[in-house]
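Structures are listed in the sections that come next.
Next come two complexes, and both contain subunit A; in the first it sits with subunit B, in the second with subunit C.
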Partner chain A sequence: MRKPFERIIEGILACSGYITSVVIILIVVFLFREAFGLFKSPAVEEGYTIALNRTNKVSEDQFHAQTLKLVFDSEITNWSNLGGADEEILLFRLDDLTNYYSEEELGSNLENVPDCINKLVDSIPGIIAFIPKLYVASNFKGRLIEDVAITPKDFLAGKEWFPTSTPSAQFGLLPLITGTLWVSLFAILFALPFGLAVSIYMAEIAHLKIRNIMKPMIELLAGIPSVVYGFFGLVVIVPFIQKVFHLPVGESGLAGSLVLAIMALPTIITVSEDAIRNCPRSMREASLALGASHWQTIYRVVLPHSFSGISSAIVLGIGRAIGETMAVLMVTGNAAVIPTSLLEPLRTIPATIAAELGEAPAGGAHYQALFMLGVVLFFITLTINLAVEQITKQQKS
Partner chain B sequence: MIPYKKNYTTRKKRSQTLLFALFSLMSYSVVGILLLILGFIIVKGIGVINWEFISTAPEEGMTKGGIFPAIVGTFYLIIGSALFAFPVGIMSGIYMNEYAPKGKVVQFIRMMTNNLSGIPSIVFGLFGMALFVNTMGFGDSILAGSLTLGLLCLPLVIRTTEEALKAIPDSYREGSYALGATKLQTVRRIILPMGMPNIITGLILSVGRVSGETAPILFTCAAYFLPHLPNSVLDQCMALPYHLYVIATSGTNVEAQLPIAYGTALVLILIILIVNLLANVLRRYFDRKVKTN
Partner chain C sequence: MNKIEAIDVNFFYGKFHALKDINMQIEERTVVAFIGPSGCGKSTFLRLFNRMNDLIPDTHLHGQILIDKHDIYQKGVAVDELRKNVGMVFQRPNPFPKSIFENVAYGLRVNGVKDESFIRQRVEETLKGAALWDEVKDKLKQSAFALSGGQQQRLCIARAMAISPSILLMDEPASALDPISTAKVEELIRQLKKDYTVIIVTHNMQQAARVSDKTAYFYLGEMIEYGDTKRIFTNPEKESTQKYITGRFG
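What follows is the complex of A and B.
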């Protein structure tokens, strides 16, 4: 009776042992499942289509999300730029219809609109029309650009994140990923000297009593919720930066970096302090016996010995900074542009997901793009974790 | 030669003293930052907190009234995630330290646990939304939010359990086996009771983590404003960190809402302070008990 019972318990324990692996696999599966539709969803807004004059020979491959945006922003104004004839591009949106036809011609119930559009597209060679599919006449004489999907290139190399842009929403990763890396990098630059100084002080210099007081305080610093850091940043750091640098708004990359630096400090301190403490006593004593001063011992013996531990502390700190959501969302101003200076607002990947997912209709391209951002974030942090794993493995061997 | 040498050592000494002074200064400034943040929020928030603030619901577009529903919501989320994460996490920790074959298997599980703990909380939010809210059909609910938060603090629970069990010397296990006890009996009667103090400390710290997380509940559970308390686990609820985020960023009446934000932040900080203090006190108490035994 005892034996089968023990077996069952053992089985249950084994199952729960593998739960973290199962969760990671589930995360990958579900993120991909929600995100993958992105590259199948149309580049043009749902329910609309792009129509050209039938003589227009520009190939369909040209009409991906980025070019459509450039054309409709009048940044590309000639078809020759897209490999077509030397002809001025004429933009046409539904609102422009009244410039060409009177209200009587359109009909009292707009019943003639499809015919009017048909005639218009047929008569102007350089036209590009952004019209609802509803208004495409059955005997349409122009050329319809259909089935243009968002490509991985649009996502990975897109320079703009503008989900509400018409006719073609822009889901470019570049501004978000540069924003994320930019903020995290500066956060580490700010945090590293302090983190190292504190860990050296706590491990080597401070009295045990002082260390015993400082250690729980550093733990407390790690325990403060990110939203409280964000709030503190919002009411103290942001106005401070605005005043010091005479900026129109204080929400900026700098504010984000400072808040993230404070948040990354506990990680850096605890991990590198552990590494420094792990340096064997015999090495220290040998160095001191050779006449080296305390500082020389730290600088020439202890720090090189704990180098891999300190580097894993740095990498972990970067990982923490990259994934941080709420604090960054509250202080960086969330402008989705490729940052050129630390004093400008910028936007990170986690902040974008947090800010926009609530408004994106489930299953739409925007929703899928946000999950794709989640996939990117997941793999960045996974790489970082594996790197740390590798570093610690080397340290042990 | 001698004066030169003397000079050299004093210079060395002086630069070392200077450097160490700089290090201690930097260390104290880091502690200073912590005290500044805590002090700032305590000073600004202490005037707001009274019984009414803690026991009433927000009123007039969150410009007046208290934060009672948010406190209750956070409490529910803590309970919900604990119900899920504690048993599973402790069992997982027991498996890793007591049952799993040492070597590759333990290494693999540990790697996966580390990876899980490194995943950003917003990704947990996305995952919770995809799995619990949409696929399993829980909707925005306490259930979905608790499960998401439970997954988030799972690695912490597993790790502390494993560490706690690792600290127990093998001689106890061997003694138990020698008396004829089975493995399960050993774990239940010897290992778990001995590891419990450290496990409990870890559990308390994970409660602190859960109570402050915002990103995972953004899309799985948190409500902007609810005039009443949730009736079932399938209702939405308010939560302290989300409430703070909402009134700090999307307020329409900043002057009236700022004090409420300070008050909410203070309540949140107090929870974290109490949790940390409790964990430290327990750790010391158990340490002393072990020593006197």
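What follows is the complex of A and C.
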């Protein structure tokens, strides 16, 4: 009677193990598959194309998301910058058509538009036109640049995140990753000294009764939903920062860092307090028996001994800060620019994903770019975890 | 001259009466062994001499403990100064997570010694004194955890000696060691007698007989008998002592 029952139990346990592993692997595979579609997606808005004069010899490789943006923002004004002839670049969008042709020439039902564009592109050597494919005439004499790609360089080194930009959406990682790291870094800088101080106090100095009240209270902090922290940040911290620093808006990296610091505190405190308390009594006694004071014992023996525990507390705190979405979304102002000061609005990777996934058409470049952000986040946390493992290992040997 | 004097010592863990009316005189530069079954109070008594029991909450002491004629439990006694004078070696080797050198230097550093050349010299002296120098002189920078258990224990003895105490307390210093390491530690204890007053708690009767000048037998919080080691082991006055040292109980 017992044997089959035990087998069933074992089978269920094994199954749940396999299922969990498979699900995790599937999620990662899904993430990567969606994300890497980004580099196969066209950089130009769907239904549109880029047309050049046929004498233009600039190679097609020159056209990717970032250069296209620079050209259409008039940051690059001469074809020689792209390896072509020394010729001024003339931008042409569909709206500009009326500058060249009268309404009669275009026809009452716009039936002559393809011909007009054809003529125009053919007559101006320096032109670059961003036009709907619909208006490309069958006998089009210009050069069409069909495959404008989003390159990994556009993504990794792009300084702009502007998914609705035309002609080419900009998916530059830099503003978001600097925003994320910036906020997390300062959150840890705020939280660490304070968290460490509290954990040393609770583990070493506080009376047992005080500790028994404090610890559950701090653990309670960890149970508050992040949106509540965000709300608190929005109504308390943001106006406070606005007032203190005389800013036009209080939503800033500083507000995000403070909210994240408060959120990371319980993790840092409980984990490092446990680490400090786990320092063996024999170690403390050895130090005290040598005439060391309580404080000397703490910073010369107890803290070095709990180093690995404290560093994992820090990393768990960073992990919490980097992955945190809601609270940061609410208080940082979400301007996707590379931050230069803590008092400016900025935007983090998770906040971007949360805010934009709803409006990104499934399967499109924007959607894939958001998954790419997910991949970046995945690698950041992976690196952090590996780093911690390494620290702990070194400490043990 | 009496180095240590215990006068009517009673000690309590909460309501538990752990030591009862103990009176004892310990002379300078002798080795005294405390023996007795587990839980008899010998470690507790030992830990009174450097006020280590202060760390345990809800304990209190009645009576006096005098070291060099001064009551160490008087108000205003600097406990860290006391502990500098009364070194301690624990049951299990407990080196710090630091290098061999820094372990020995620790006591000097926490007591404010800044002179590096003095520290180096003192570390060498004490490691030689603990018969460890030849084994570790080439790896002073390595972690103390890389040493064997016996070496670690001798390192801990060296660490206690480095700040030049006059008394060394040893709480079963060889109980976690193999026979060869034990022999080395015992040899060391016999050497230490020249400069230190040594009190050693041990479960090992032969060890007490081998290393000590005087022996005290404890049972259930009372000091049953205290006298010259030779006499205690050959001709004990009390029946309880007789039973214990012949191994009939405990």
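Keep this in mind: the second predicted complex is superposed on the first by the 377 of 397 C-alpha atoms of A that agree within 3 Å, B and C clash if a C-alpha of one lies under 4 Å from a C-alpha of the other, contacts with A are read in each partner's own complex, and residues count from 1 in each chain.
We adopt the following convention: a contact is a pair of C-beta atoms (placed from the backbone, for glycine too) under 8 Å apart; a residue touches a chain by one contact, two chains touch by 3 or more.
Quick caveat: nothing in here was measured; it's all calculated off a predicted structure.
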Subunit B versus subunit C as contact partner of A:304, first or second or both or neither: second
Partner contacting more residues of subunit A (subunit B vs subunit C): B
Touching partner for A:282 - first (subunit B), second (subunit C), both, neither: second
Which of subunit B and subunit C A:293 touches, first, second, both or neither: both
Touched partner set for A:208, first subunit B, second subunit C, both or neither: second
Those residues of subunit A which subunit B touches in one complex and subunit C touches in the other: 293, 296
Interfacial residue positions of subunit A with respect to subunit B in the complex: 2, 5-6, 9-10, 12-14, 16-21, 23-24, 26-27, 30-31, 33-34, 193-194, 197-198, 200-202, 205-206, 214, 216-221, 223-232, 234-236, 262, 265, 269, 293-296, 316, 319, 322-326, 329-330, 350, 353-354, 357-358, 362, 370-371, 374, 377-378, 381-382, 384-386, 388-389
Residues of subunit C defined as touching subunit A within the complex: 50, 52, 55, 57, 80-81, 83-84, 87-88, 90, 92, 94-98, 106-107, 109-111, 156, 159-160, 163
In the complex with subunit C, residue positions of subunit A that touch it: 208, 280, 282-293, 296, 300-301, 304-305
Subunit B residues within the subunit A interface of the complex: 12-13, 15-16, 19-20, 22-24, 26-27, 29-31, 33-34, 37, 40-41, 88-89, 91-92, 94-96, 99-100, 108-109, 111-116, 118-123, 125-127, 129-131, 134-135, 151, 154-155, 158, 182-184, 205, 208-209, 211-215, 218-219, 241-242, 244-245, 248-249, 258, 261, 265, 268-269, 272-273, 275-276, 280
